[in-house]
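Each structure below appears as structure tokens.
In the two complexes below, subunit A is the common chain; its partner is subunit B in one and subunit C in the other.
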Partner chain A sequence: MKHFTRLAAAALAVTVAATSAPAQETEELFVPNLAYRTGPFAATGIPLMNGQRDYAQMLNARDGGVGGVMLNFEECETGYNTQKGVECYEKTKGEAIVTQPWSTGITLQVLPKTNVDKIPVLAPGYGFSPMADGKVFQWAFNVPGSYWDAASMILKYISGGDLGSLNGKTIAFLHLDHPYGKEPLPFMEAMEKEHGFKLEPIPVGLKEMQNQSAQWLQIRRLRPDYVVMWGWGAMNAGAITEAVKTKFPMDKFVGVWWSSHDADLRIVGEKGKGYKAISFSRPVLDAPVLSDLEDYVYSKGDSLASEEERQGVFYNRGLVISMILTEAIATAQKHFDKAVIGPEDLRWGLENLNITDERLEELGMSGMVAPFSTSCGDHTGHSGGWILEWDGEKFVQASDHLTPDSEVIRPMEIAGAKAYAEENAPWPVNESCDAQAG
Partner chain B sequence: MFYRTAGQFKTTYRDDQALFPIRQDAVLVAVILILAWAVFPFIATEFAFQTLLIPILIYSLAALGLNVLTGYAGQLSLGTAAFMGVGAYACYKMLTIMPWLDPIVAILLSGFFSAGVGVMFGIPSLRIKGFYLAIATLAAQFFLVWLFEKWAWLYNYNASGAIQAPNITSVFSGGTYVSGPLATSFTQYYMVLGITTLLTILTINLTRGTLGRTWKATRDMDFAAELIGINLMRSKLSAFAVSSYIVGVAGALFVFMWRGAAEPNLFDIPLSFTILFIAIIGGLGSILGNYLGAILIVGLPVVLNTVPAALGLPLESAFVEHLNLMIVGGLIIFFLIVEPHGLARLWGLARQKLIVWPFPY
Partner chain C sequence: MFNEIFIAPFADMIAAPDFLLQVLWEGLVSGILYALIALGFVLIFRSSRIFNFAQGIMVVFAALTLVGLHAMGVPAWICVLLTLGVMFVLAVVIERVVLRPLVGQPDIILFMATIGITLFLIGFGEVIFGGENKVMITEELGIPTGSVLLEPFGGLLILEQKDITAVVVAALLVVALLVFLNYTRMGRAIRALGDDSQAALSVGISIQTIWVLVWFIAGIIALVTGIAWGARAGVSFALEVIAYKALPVLMLGGLESIAGAIIGGLMIGLLEKLFEIYWGQPLLGGNTETWFAFVLALIVLLFRPQGLFGEKIIERV
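Presenting the complex of A and B:
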């Protein structure tokens, strides 16, 4: 009888939870975030989540939400665990107008379901690069840049703008051995063939993240001209400390935007000087938005972030990400002329984003992200970014605004999207779009 | 009261050896089966399907497979997740090479691949025992996950190294989609339930028969078993084969009927441990225990997570997660102290008390 009652209790609790959820149906926009503040990747997750959360709180306190409707910015803890992420997705999708999966693994799981559930996936700067093809991936958005964009900009930067000059050079590609780390490989390999440099992929297993002595021994033997890193969580700090230990020249070491966490570099401090990372966002510490945050969030003690954290690249990127989301909400509200929008309205909003310099100025976020716009066929926006350099204490901008080679990337994105759609047939395609135009 | 056995006379040996010699047991099982087959699927929400019903069944099945090996035949294994992976990748390859194959048939066939691999890694069990064998199976765990990462043919040279369940229809569901994003949870639940029920009935009968007795003899004292004429090689390897078959099928279900996609590190050691814990907390050497263990380890955290929201407590999600870990961890320790032989034994004791109630002796 015991296990029967337990089963019944479980069923009861679930039905209670399910029936009590719609009770809170007031005028608000439910924008859940599949956050991770626990688990092995928490250190890198927390500043991003805090930035996102603080921006939403600031809007609620300052403007009463977006378009007069409060944002219900709720976190669902995943611990970067795919299973928990799917649980969160199932739990939130009924009421939510967007899903922010915050992990390539969760994005992978959720992506095929969004066509059926009709809910937009917002994966800023991560997920599949072919998601840029809005014709195929109608519900997915990886604004303002994809991993292929990042790889392209890094190659552009290290070659000084002319990829041909890389001919004969060796680039070691140190990456997490995981869908995330493998994502830029097709693009890098295509570039290797075209421009005649030598690409040496060096995978770092999830279990070896903290101890990369074998990988760095290989790097020492290869004597590459550059090391390009696609790392996350504990892998970044592991690689940076190992690079310092093996005395690898830091100015030849470039990471993706998820490898630009201040705390990872602070461990090595001065010795990390010269380390670079591409980034679609940059902290602008005198931006007007920060004084609003001070007035409406920090001074009230509503922020979970520390003073130091708020200066960092990741926290400021969190602000930018929430801004992209709320701008999409505002765009949709204006177009459909209603304050309470649904997921399908938000999809339109995300597809018709136009973040201009003037708009950033109005938002008080000038310079924190480069202007970009999305369209039906282009779900990425390809804003480009900057190279940030560690000066021993903080990340500073080290290059002019860089843009990815869209002429090269676009056909690859379309081909990748097509292959995905074929593998997952029958897959609905938005015929009204012209993907080539993106 | 509930379990009064008075008046239930056994007049033949056949009756006495029946699967459920006590009528109330049969009634209870019937009630559970009716709930699982005819009540839950019609009242469950999408959330309940995806986070409770389907995963509990799949984890139970995987634990059942491990229990055959560890609980019945006494061979400790730490490689369960890798064998699940073999099942999942075998199923993926079969379905992509032979798209005309029915997915349910493919899932049932994929078990044979993991059975083969299981037997191969079971060979050391003929010479080594206990913790040493655990290390040998640990080698299987590391080797196979490494293979899933490095052998690009296994995931059809996909750039991200992950496999995805394609949209496929099956005759068993009347031509509707059973795997991939277009499949409904309702259909998938019935497919999982069907396979789990089938394999559970099969295992119950196997463990009651000659093979099961051979396994138990091997577990209790292997050289004594050998002295009474049991072929240890056959006994151990058959346990590895049957166990890996069930685990492999569970792995294929895991990816195709539930997750929809998988990357190699999904089948890494934490999954092996989860399944081992389900088997240990549920009760080694019991069939029922796997289900109880899965409800405790897989189902309870999900239910606990919804409690604060249901009560209207404004708690941070990360805080709830930490609380959850503490509560579930505490419960595991509590159950192991109260009854080290697992939940199934706890239920057995309760049942025994109910049978003699109100005159305990």
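Presenting the complex of A and C:
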């Protein structure tokens, strides 16, 4: 019933917002989220969407939005389905100042459209890694880190900082058989050639997410030194359950940041102790921003998240993601000296983000994400991240701040972007940008 | 290539017989669970000619009801009874509200109605229980969660106790269903309705009662399936996709055959696992389980369009 009450309240709020929208049309910033609260991936989508939504609600309640303009944070349900995602993009693009596709598959589909529609794509921590090259992907932003960043940091971590030590070892790459899961493969394959380890890609189909016995039998047969996972939705819980079952050592099992969902690990509890994941964000449960959320959102019953969910990695990542978006809005408002900005203004804001330690402290979010900045040539920021480890009950930080190997990744990003532009010619390029400097 | 297809896989099986046993065990576990889902489809199709598209979401709904009730502080076994009660009420409501008004309509209309039931249950389930992944109350139900480690041929065979429980419970459920269908009055009524609905109606069999009964039995099957699969990777709407694994089982075994569902499920479970491990992963990069069962079923349909155990339909013109 609690869910029903919350959803009814949310539905009412959306209805009220929608009916009052025409009167406030010029006085709000429409920042739609192509969310997925339904379908096979809902379990992992919900806490992220809740975090994003709560942060936007808090700004609306506390500050009257951003720069005095209310945020219209509306969700369009995709169910993580690429076709529905494209429909949501088309439906919302008219008034939106940004699109948040929430799926690598949807991001790849809308990428070419954004050149025409001139609307920025914000894909925090996902999407096509070469989107980092702002010279080619003028409208796309995968701040604060790409999948190649994540793969680089994982390899750095498991090798103890010496990638040469991976020579002769076997790394099983367990991934969702989906554009998202395949995205880090070019980087991993390049690293395999350079450092002499054996990469064994193991795909998991959508229908096999909860029954990965075949994949883990293969892992048992291969006896890899490490398993690196690019899992999502029910695949994470399925993989961790099988790892426990096959007695694969958890300290040799590392996932990407989308495989660090508390609820997935709670299924195995103590048995999952030692499992790790790279993360560009981390929960800081005494962060001042949480007090404001308590005062302006939770205490009023406006949050859809449970108290347990609010302690988790994904919910807190949702807060960080909304913060990045609203900081870009504030940056653009300041630069263009106007409160109501358009998508092209926001593109500039996203391209000139400067999230410093000082700024994070002002926002009450110190330590929740590492400082980073973007530029015309660098649309990712490459903030780096931390290894989080499951201690049987929750994720805890298990490494110092790690950074991706930019010397290797940057040329790959530029080459990848160039190849994409050639394959999709004519593709507009921002010649005023110096991607090499990114 | 000849070696890789015809010799190497068998050499691997002989070289590591313990691993082969593990593959067969995993195939058996998957197979019996596929068979269970397929049985839900077959029972409803036999008695009403309805292809129940909602079987997958019924698995989710039953499992969510169970863990949802437990989260409210209800003891585990009471939750099971209450969930069965909810599945019974669901069966009654479906019969009264959806199926009864559509009696006599073409099969495709009834099929479309089950799509409507699916969409309703997705929305209703999400409103009531939320979409988050939930932990199945495995231990609370007394299902052991440890492993049995065997050392056949000097190797290692890991049998999860919850998998053993799932196999035993599923097998018992299948036997109970067969006994019910063959040796009870209601069971024979279900079969009679499937064999010849007009004749069955003429001797006083109530179509409404039978429909409620088969939908309730499908609900029981959904609950058992939901517990078994939910114990593996949690309870969420992702469980719904499990039902798609039953489609090739139905193609292979025939839509009307209970034996076909059981044998088809076991065949697909075992063969897809063997193919994936010994041929799919080394030669095709893996993930063949997504299509292997369909290809196998299509090959069977080429030679037996009614499936391995389906009834051949002969219409006189």
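Definition applied: the second predicted complex is superposed on the first by the 413 of 438 C-alpha atoms of A that agree within 3 Å, B and C clash if a C-alpha of one lies under 4 Å from a C-alpha of the other, contacts with A are read in each partner's own complex, and residues count from 1 in each chain.
Going forward, a contact is a pair of C-beta atoms (placed from the backbone, for glycine too) under 8 Å apart; a residue touches a chain by one contact, two chains touch by 3 or more.
All values reported here derive from a predicted model rather than from experimental measurement.
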Which superposed partner A:Asp345 touches (first subunit B, second subunit C, both, neither): neither
Partner chain in contact with A:Arg37 - subunit B first, subunit C second, else both or neither: both
Which of subunit B and subunit C A:Asp378 touches, first, second, both or neither: neither
Subunit B versus subunit C as contact partner of A:Lys245, first or second or both or neither: second
First (subunit B), second (subunit C), both or neither touched by A:Gln215: second
Contacts of A:Asp264 with subunit B and subunit C, given as first, second, both or neither: second
Which superposed partner A:Leu206 touches (first subunit B, second subunit C, both, neither): both
First (subunit B), second (subunit C), both or neither touched by A:Asp177: both
Overlap of the subunit B and subunit C footprints on subunit A, listed as residue numbers: 1, 3-4, 7, 37-38, 177, 205-206
Subunit A-touching residues of subunit C, taken from the complex the two chains share: 16, 19, 22-23, 26, 29-30, 122, 126-136, 147, 158, 160, 229, 232-234, 236-242, 244-245, 273, 276-277, 280-281, 285-287, 289-290
Subunit A contact footprint on subunit B (complex, rising order): 2, 28, 31-32, 35, 40, 43-48, 50-52, 55, 149, 159-162, 164, 166-167, 180-182, 259-261, 263, 265-266, 268, 288, 291-292, 295, 299-300, 302-303, 305-307, 309-310, 316-318, 320-322, 343, 346-347, 350, 354
Of subunit A, residues touching subunit C in the complex: 1, 3-4, 7, 37-47, 177, 201-211, 213-215, 217-218, 220-221, 233-234, 237-238, 241, 245-247, 261, 263-264, 266-267, 309
Subunit B contact footprint on subunit A (complex, rising order): 1-4, 6-7, 9-11, 13-18, 20-21, 35, 37-38, 74-77, 79, 82-83, 86-87, 90-91, 94, 104-105, 108-109, 112-113, 115-116, 128, 177-179, 182-183, 185-186, 205-206, 416, 423-426
